[in-house]
Every structure is written in structure tokens, then in C-alpha cells.
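Chain IDs A, B and C follow the sequence of writing; residue 1 opens each chain.
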Amino acid sequence: MPSEKLQAIILAAGKATRFKTDKSKLLEKICGQEMILYVTKLLEEINIPTTAVVGFQREALQKTIKKQHNNRINYTLQKEQKGTGHALLCAQPHLTKENILVLNGDMPLISKDIINALYEKHVKTEAKISFVTAHNSDPTAGAYGRVINNNKTIEIIEEKDFTGDIHEHCCINAGIYIIKKQFLDNHINNLTTENKSHEFYITDLVKIASEKGLTVSTLSAPFDKVRGVNTLKELWAAEQVKRAEVVKQWMNKGVRFSLAQSVHIDLNVTIGAGTYIDCNVHLLKGTQVGKNCTINGFSTLSQATVGDNTTIYPHSIIGNSTIGKNAKIGPFACIHEEATIGDDAIIGNFVEVRKSSIGNNSKAKHLTYLANSCIGSNVTIGAGTITCNHDGHQYHRTIIENNVFIGANNSLVAPVDIKEHTATTAGAIICNTPQTTCSICYNPQEESTSNQPKKKKRFCKKNKEHQVSL
Amino acid sequence: MPSEKLQAIILAAGKATRFKTDKSKLLEKICGQEMILYVTKLLEEINIPTTAVVGFQREALQKTIKKQHNNRINYTLQKEQKGTGHALLCAQPHLTKENILVLNGDMPLISKDIINALYEKHVKTEAKISFVTAHNSDPTAGAYGRVINNNKTIEIIEEKDFTGDIHEHCCINAGIYIIKKQFLDNHINNLTTENKSHEFYITDLVKIASEKGLTVSTLSAPFDKVRGVNTLKELWAAEQVKRAEVVKQWMNKGVRFSLAQSVHIDLNVTIGAGTYIDCNVHLLKGTQVGKNCTINGFSTLSQATVGDNTTIYPHSIIGNSTIGKNAKIGPFACIHEEATIGDDAIIGNFVEVRKSSIGNNSKAKHLTYLANSCIGSNVTIGAGTITCNHDGHQYHRTIIENNVFIGANNSLVAPVDIKEHTATTAGAIICNTPQTTCSICYNPQEESTSNQPKKKKRFCKKNKEHQVSL
Amino acid sequence: MPSEKLQAIILAAGKATRFKTDKSKLLEKICGQEMILYVTKLLEEINIPTTAVVGFQREALQKTIKKQHNNRINYTLQKEQKGTGHALLCAQPHLTKENILVLNGDMPLISKDIINALYEKHVKTEAKISFVTAHNSDPTAGAYGRVINNNKTIEIIEEKDFTGDIHEHCCINAGIYIIKKQFLDNHINNLTTENKSHEFYITDLVKIASEKGLTVSTLSAPFDKVRGVNTLKELWAAEQVKRAEVVKQWMNKGVRFSLAQSVHIDLNVTIGAGTYIDCNVHLLKGTQVGKNCTINGFSTLSQATVGDNTTIYPHSIIGNSTIGKNAKIGPFACIHEEATIGDDAIIGNFVEVRKSSIGNNSKAKHLTYLANSCIGSNVTIGAGTITCNHDGHQYHRTIIENNVFIGANNSLVAPVDIKEHTATTAGAIICNTPQTTCSICYNPQEESTSNQPKKKKRFCKKNKEHQVSL
């Protein structure tokens, strides 16, 4: 795209009153990404300098955009909501390029080929204004203006002002325009509010151009690509389309889905080939699943890393944690808050692991709670065992060294350190054992020099290598 | 509707043999409401006096209708199943109004505008008989009679007798008629059983009227609105349509759904604006969810009340219980049998709360069982704690006063009363402590005067106010 | 089918490179059955002698086929992948009958009526080659050759070589042929690799026949019946169709489904009439569910047997286990590894039962782990109870005789035998009680003579009768 001749204005100021919620619709997430970022990232990808017209909840909106784009996007304020034409007027001081791309912020399914094709046609036909149309004759499909194309003139009638038959006039205005700056400058002030909404419409520029005999070009696109999001129903529909796109992409890369339509995968997730994703699995927030894994039904992984060949049994929740290779997790496991599970480890049913590291080949299979713990390799934790990590005032750590056998129904009262090759009896209450400093958990030298974020040090990440120093 | 000129007959006597089950299909629930009540409530709403023709499982059917309508609906018995015409004959002694609306009991999707429009057309055209038609050429779409409309005559051929091409004759009889009483009285006895089913058909009245040159009127309606339910597949289809209607209604009121097609909401549920409903959530039996809540996936709420801003984490079950504001419940929580959870409280994973009240800002986060308990505010219950509420003979209550810390893996052997500001050690077995009478749990004065149902008194509903008396 | 005049060749040698996985697509399961077996079982059912052309992963493939068909199917090896024509060439030595049916191994939805109709038409029209066509103009619908039928000639253009408009040429080649052996013998060596894939195409035989003025017959079939599976997306689509077929079949037999499209049922499962299957239930691997049961949402039953009138509450997992009549299981129950639950028994939330038998009318309702146990009738297991069945070296058994009450939070340290009519106190640790030999668990005489597999003897299957000998 010729960035020297084209700049973009995103209309992002409106309050989506039809959402009936307090939050800006543009901050609602679709497949884990805020709606506004679908448009801003697309424009950045095709290298078009962008100005966002903001108004409603602009601080939150700008914060979200800034997190993604730093200061590469400009903003202009539309204080009052007086229509799309008025939004453009607010942006006028920012207009410097020969052509102005105008599009709504609520178009999460738009793709770059449509923008490219519109620009190409706009240039080729030497149009004053060009816009994208789509076919839609569904009366419930949202508030789209209708394109009325007589032999000589072309006009867009906004939904509120349209009284014809939508089956006859099934061509809608998608709300994506490229306008010659000069034409815009000449006529933006001719817009009026003589319509049912008493708003200034960009669409009247089409009528003006048409009436003056100037060239107006249109590009037809599939409705699903340009659908807007003005209601919660449309938000659901848009996410459906995006979700299906994401799943199909992973199918093409060798991931098998049993009931693909029930699975949700965020945009920034990765999955290895040969992995099987069962029904109703959710993979969220940058989760990385290895190759040849099985993720069984009703499991949710968020900010999780799962090694190759690992099986997650049904109804498991993994949040902000790392699972090794060849591990077996669940069913009904809850692993969260920076837990680390080693290779070949087994975490079974009704087991919660939290702020703990579990070494390779260790097992905790039944009704167990492991928190603030550093557990070595080849450890077996008996059924019903509880780490009593809080004394009413503060948290304490439990250390279980390599090759330990904890009998069933134990209470491990932290601070406690179970030495290597120890076995405890069933029902034991183990408390106040002298605790060796765990060189991984706490290493003063490392602390002073390390660049790693401090919270990462709470747990032993590499039991195998370091456990010897216990 | 002019109730003085119109009365309704509901055909509700048949045994739905194609269901292959023992239970009357009319008692099967759709979005939590028995199928028969969709028609009876509609007729009551538009003020049409109604008689139900009953037969198969009539006692159960009448009991269900009575629960909703008291004695406002009449019944007539059709002892043997000899067809729709015979059912009408059974109802004849009840016919007193000028016009008789006849419709099947298995039309859960019918809406009042169709009834109104049919009546209007019937009156305007001065028809002897009027009926609703719909378009359907799906051969698997159930057993509908086909409307054969030659230039001069109109006739309905029942499915069993129809031998033509359903694509050519795609107009079906929906089974909703308005008949002039006088015409009905004159001709009901002319019906014969000369057909494959050897039954009396109402539809023959159409033929009779047509042949005599009397006016027959038809009204076309969308198939989905008039679809009947003769098989379990049709029941599933009808509930699909109704379920989608209910979800869309909540979308329009500001509720966000992630995977709307996986959610089930009963008719009598309410949800506040700004609430987010994740995949596979079930909201049943009058559940009330507040504003700005999050109900995560795979959770089922039945007869539940949830305060504003509360989060229900995935895989939680709440039955016949009340959750306060700003609370956090789950994942994998099971709260049932009249439990009450206070504001800002946290109930975590693998925790069951049953017949208990938990005060504001109290926590039970891991692998815990709380039953028959009255727990105050600012209480922390350690992981793995069990209220031992049954001694093999009877249940006893556990009282935990405000600001108590229960260590992990405790056994609280009821009857037991843990005093304010107490802390217990990990693994403790607390038993047989002298128990103070809980003024909320047991108040003899209140008992003798209260109108509240007795079972409501078992638990302390308002710990904060009353706990002082402990 | 006249097996004396027809034999079948299954093309099963190819590597499904578009799957992007290591495993042969023909071994992927659809509704619990390997894809290849859909075709082989169909051919056996209609009594057509069959030869499979194998190559990629042929050992695994032949092993799967052999398990189903013993040695009733022949194999021929296609070492290199040089196209369908080449596969046929490899099979030539096996061809003995007058007509050769050729079909792909990846057609899990094919039905016998299509094969029968093709054969009938082939014989009646005295065709040299006959094949099945279907209508498809979806550009994403996989790699199908297009049937180009001019007035005089008929030809199939493979997808890679096709350059026309698929909407104009919407008739595809399904890949199912019947070829006269004599015609095949005469012309198989005339096939060339003059095409984009440089492969030998069976489809060129159609062109040859057509050009020589020999009869070519076609049979049109619904696309869904003949769809192939060349990508993971097509695998998903095929399983969708099959899954819907299976569910509809059970609807017709009196099973109610709430959200039928979310349920997965394997082919070899049985369900009694009057049973209700809620959303997202999975019934796998030969599971048998009785009459009038309720299987609630998110539950998975695999190799399970469930008696009549039993309720499985939500989120329950039952694997390789047997549940009696009128039992109540779950929510959040995990019953697996050859467990047996008696009639009227209750297994509640967060309870795991493994390698154990539970007698009639016994209960374990909360946060309990029962393993390697033989539990009698009328037993109550208190909340939080753990069978401590492993001492760090080996597993031991827990015996609980009839009419026992185990208090809450007990640790039952195996080997242990709790005698009839015993009650234990809350929080008790019961260990090393002298253990009576359980005549069901261990009967030396039976062991020496029995034909039953040994593992079946680990648990008491019929507590009621045998518990007296304890």
C-alpha cells in the first residue's frame, strides 16, 4: 500500500447504546483480542498511517491501543456524537494525504485484501469517493444503509431513513470508504442533519459526488468480512466467524478436533501437530500446547505451556502454569498460579496445585492440595494429603525432597522439609521440621544479580538439577 | 380478542406413540415449562375461555394445568382415540360461543399474533372454517396433512393418505382451526372413518365446507411458529427454537454470551445487564443472576440467586441457594440444599456447601465439606476441612463464629461451636465443645409467630446482624 | 449381491499428506470405529469378497482390519504411491470376478444402497465402467475430480488438472467404480502419467471407454453419503454426519436429548427407552445405559454399564465400571478401573472409586477416595474418608462389611477389615486390623478351576450374597 498517498481514519468515538452495557463495545474481546485492535493491527500491517476518532471511554480505548501500538496511532477527539460526518470533520485537521480511508472500529473480520482492492479500484477509476458494499437481505442483520443505484446516480439511504423493500435493495453500505482529500475538503461542510437521526452522515458525500457527476466506485465484499458489531448478538456472530477461522487454521496444521464448533481458541495460542482437541476445550491467553498431546473435554488452559505427548484428562483447569512432557493431568485437576509440573508427572482427580513446583516423575493422584511447595522428583503424594501452608497470619513453604513417599491423608504443616528417601505413615501430621534452605527457592546471590522478575523465584523450576543442594 | 364470541378447544388426549416413552409428551418440558402450558398460557393471556380434551395420562396433565391455571380451564374426556374429529365431538357439549378455535396441545412455539390474525381473517371473510397453513417440503419434518388447493375446492389430505409429491404440495395444515359453531354442529356428525387410519378427521370439515361452496379461509404462518411435536426429534427441534428465542431476548437486554448456542436458560430466569455468560452454562428454575456477574463455563445454576458483581468460576453447581455480591465461587464448587453465601465470600475448588450459611468475607477455598453449619463473617476455613455433621444416627450443627481461623485438614465434629477470634491448628479434630444456642438458627418466639416456611429457619441468613448473639 | 460376479478393491495405500499428522488417516476413529472399517464392514455385510491395496502404515492397518475380519480380507501391496490407476494395477493379480468394485478406504458414510444401485445399473446398462457422482459446487469441499459430460463423451478431470468453473461443472466423481474385468485387463496398461500429478488415474479408464463408444454409466448420490476424508476438516465433517445419524437413531428409540448436537455416542453403545441424555454427554466404547436413566451434562461414560432408573449427575466420569439400578452418581464423581456400584447406592461429589465394589444401598457422598476396597451393603462412608491402600511398596485391600458406619475424615489404612455393624468416630485412623479372608475376593479353589480372566476376581461382585462369609 502506498502509505505516502493514503491515510486512515478509524471511527471509534460512538457509544454503542444498543449493547445495553456500560463498557465500550470496542473493548469487548473477540478470540481474546479487543475489537478495536483488529482494525488497528490490520492498518499497521499494511502500513497505513492511522488516526482514531475517539470519544466514549476514550481513555480506556487509547490505553488498549497504546499497549499494542505505542504511539504509532494518532487520536482526535469527537466530543459530541453528531454522526459519522461529524467524526470526519473532527479528524479534518489530521488529514494530509491524497486519499483518506475511513472505516469503523467495529469490523473485526475485515481483511487486508478488501482494503487493497478498494484502493486499487479507487485509483484506477479515478473516483472521488469509493466504498465497500455487501449483499444482505436479512431484516435482523443490523443497521446498514442501503445502496440505491439508479442508472445515473448512486445514493446510500441510512437504515432509519430507508422505507423500501430490503429484498429489492439488498446491497448494503459496509461503512468503508476511500475519499479524495480534495473532494472531502470541498464538501465536508455541505453535509446537513436533515434526516431522522439529525446527524451528519458520511454517506451524503456519496450523494453529493453522484449528483455532481463525479465518479463514485464501489467494491462488493462478502458480508461476513465486513459485518459490523452494534449489538451483543452481532458480537456473538462476529466471534463465531473468527473462532471458526482460528479452528480451521489449526486443522490445516495437523490438529484434530472432535467437535470443532464447541472449541474456543484465542488468537495468540499455538498447538503442535498431531495433538487432539476434544469437545468444549478452551485454549486462552497465549497458551502453548506441544505436539501429540491430548486435551480432553471441558478443560480450560489459560497462559499455560504444555509439553509434547502430555495428556490432559477431562474437566481440568490450568492457569498460568507449565506442564512438562509425557505428563498426565486430571480429570478434575486445578493447576494454577505459576505451578510447574515436571515431565512424566501425574496429577490426578480433585487435586489442586498452586504456587508449587512438582518434579519429574512425581505423582499426586487423589484429593490433594499442594500449595507453596517445592516437590522433588520421584515423589509420591498419598491421597487426601493437604499442605497446610497458612498459619492464619502468613504463608509458609513445604519442601519435599526427591524420592519421598507421603502416606495418604497427611497434613504437611509448613514450614516443613521432608528429607530425601523419607516415607510418612498414613494420616500423619508432619509439622515444624527444621527446614533446609532450598537453593532454588532462595538464593541470595542470585537475587542480587538476577534480571528475572522476582515472583519467578518463588518456586524451584528445575528440581532435578538443583535438588541435590537441599 | 372477543372472548364473548370465541372459545378454544385444545386437543390433548392422544398418546404420542412415536415418542416411544411412557410419559405424555405434553408433560415434557421445553425451557423448563411443560409443553401443554405454552398453549394454555397463551390462550389465557389473550382471554379465550378454554376446554382441554384429555385422555392419555389425563390426571397428570390436569394436575399440571391446574397448578398454573387453577380451575380456569375446563376438561372433557375422550376415552378412546378415534381421531381429531372424534375429540371435537367429545367437546361438543362444552361449545357455547359463536366461533370455536381448535388447536393441538403440542404447539409450544405458537404466538398470539397468529391466533389473532386467523380470527380476524375468519371474521372478515365470514368463513365457516379457517385454518393456518405453513410451507414445508422436508420429507422428514413430521406428519403433516397437505393442503390441496384447486381453483375451486380446498382439501386437506392427511399424511397417511397422501400419495403425491410433497415438493409440489408443500403447503401443510398446521392444525389450528377456527370453526363457526353452527357449521360445526351441522356437520360434525357427517365425518366418517373412510381413511387409512380409520379415524374421524377434523380436516374433513374443510372438504365438506369447500364442496358445499361455503367460505374456507387460510392463513399462512412461518413453519417454525406452528411446528408440532410428535417425536423426540421434533421435541429437540422445538426446544432449539425456543432456547434461541430466550437467549436472544437476554442479548437484547445487555447480557453477553460467548457461545450462545451452547447455553440453556429456562423461561422464568432473570439476568442483569452487563453479565457475561460463558459456554455451556445452564440457568434453570427461576434462577436470578445480578448485574455485571461472570458465569463461567460448564456451570449449572438452578433455583439460585446470585448478587451483583459475583464471579462463578467454571464447573460450579449451585442449587436452591443464595450467593451474595462480589463473591467468588468455584471452580468445581457445589453449593446446594439452601446454602447461603455472603457478600465478598470465596468458595473455592472441590468445596461442597450444603444446608449452611457462610458469612460475608469468609473463605473456604480447597477440598472442604461444610454441612449443617452456621459460619460467621471473616472466617477462614483451611484446606481439607470436613464438618462431621452426622454421628451415624442424626445430624448435628457446626457453629463457627466471626473472625475464626480454622487450620487445614480439620475435622469439626458436630455439635461444635468455635468461638469468635479462635484459631485451630492444622489437622485438629475439634469435637463436643459446648454449643451456644444460635439465635438465628433457633428462636422459639419467632417459630410460633412466623409465616415463613419452617425449613427456611434452619440456617442463619444474616450472620452479620445476628452473630453478636452467639 | 451376487458375490460370484463381483469383487471389491479398497484403495487404502496412500499417505494422507494433507492430514499433517504421522498416523494413517484410515486409522482415525469416527464414532469410536476406525475409518477403514466402515468400508470393510459394509462390504462384508453385503457379501463382496474384498482385497485391500495397502502401503502406508500397512501393518497397523492390516492389524486393525484383522481384528474385525480375521483373514476374510486379502491384501496387496502398493509399494510406491503412483496414483489410483497404479493401485489398481497392483491389485490386478487378485482380480478373478467378472466385475470389479473399486472404492476408496476413506468413505465412512457410504451405505449399501448406493453400492447395490450402482451394481444394478452397471449390469442393466451393460456398462464397461460405471461410477458414482454427486453434486458439489463448494470450492472448499475437498479435492474431487469434475465429471465433464458432453453430449457424446464423458470424462473426469482431476481437481489438479481442472481449470473450469466449478459452479458450471458441479458434478463430482465420488471415487466409486464398477469396472468389467475384461475392460480393465484390456486397458489398465494404457493409462499414462500425462497430468499435473504425474500419476496413473483410474479416471482415465472412463475417458478411454467413452472415446471408444463403450457404455459408461453413472449413478448420482447425495454428497454427504460419498464424501471422502482427505483433511482433518473433512474428518470433522464426516464425524459430524455420522454422529447425527447415531443420535437420531436413539431419538427414534425413545431417548430424549436436550442438546442433541453436543452429544457424542459411539456406534457400539446401547441406551434404554425413556432415558434422558443432557448436553455434552459422551457415551463411549460399548457403554450400556438402562431404561429411564438420567445422564446429566458433561458426563463421560466409557466401557460403562448403568442399570435402569439410575441418575448420573453432571460432571461425572465412569470408566470400565458397572453401576446398579436406582443408583445416584455424582456430581463430580470419578468411578473407574473396574469398580462396581450396587443398586440404590449413592456416590456423591468429589468422590473417586477405583478397583472397588460398593454394595447395595451404600453411600459415599463427599470428598472420598475408595480404592482396592470391598464394601458391603448398607454402609455409610463419612465425608473426607480416604482408603490408604498403598504403603509405598504395594497395594493392600480394605474390607468394610455390611451395615458399617465410617465417620467423617477417616483414614482406613489397608490391609484393614471393618466388621459388620461397626461404627468409627470422626477423624479416626484405622489400621492393621486383622483381616478376614474375603471369600469373594480370594477363593483358591475357584482360582484353580475358573475360566474367568484373573483380574475380574480382585473385587467382590455380589456383596449381598457373599458378604455373610466375611
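FYI, a residue touches a chain if its C-beta (ideal position, glycine included) is under 8 Å from a C-beta of that chain, and two chains touch if they have at least 3 such contacts.
Remember, it's a predicted structure, so these values are computed and weren't measured experimentally.
Following the contact convention of this document, C is the list of chains adjacent to both chain A and chain B. Comparing the residue numbers each copy contributes, chain B and chain C share less than half of them at their mutual interface.
Chain B and chain C have CA centres that are 36 Å apart.
In chain A, the residues that reach two or more other chains under the touch definition are 262, 280, 298, 315, 332, 350, 367, 384. On the chain B side of its complex with chain A, the touching residues are 248, 251-260, 262, 273-274, 279-280, 297-298, 314-315, 331-332, 349-350, 366-367, 380, 382-384, 405, 407-409, 423, 425-427. Those residues of chain C that touch chain A in the shared complex are 19-23, 28, 231-233, 235-236, 239, 262, 264, 280, 282, 298, 300, 315, 317, 332, 334, 350, 352, 367-369, 371, 384, 386-392, 411, 413, 429, 431.
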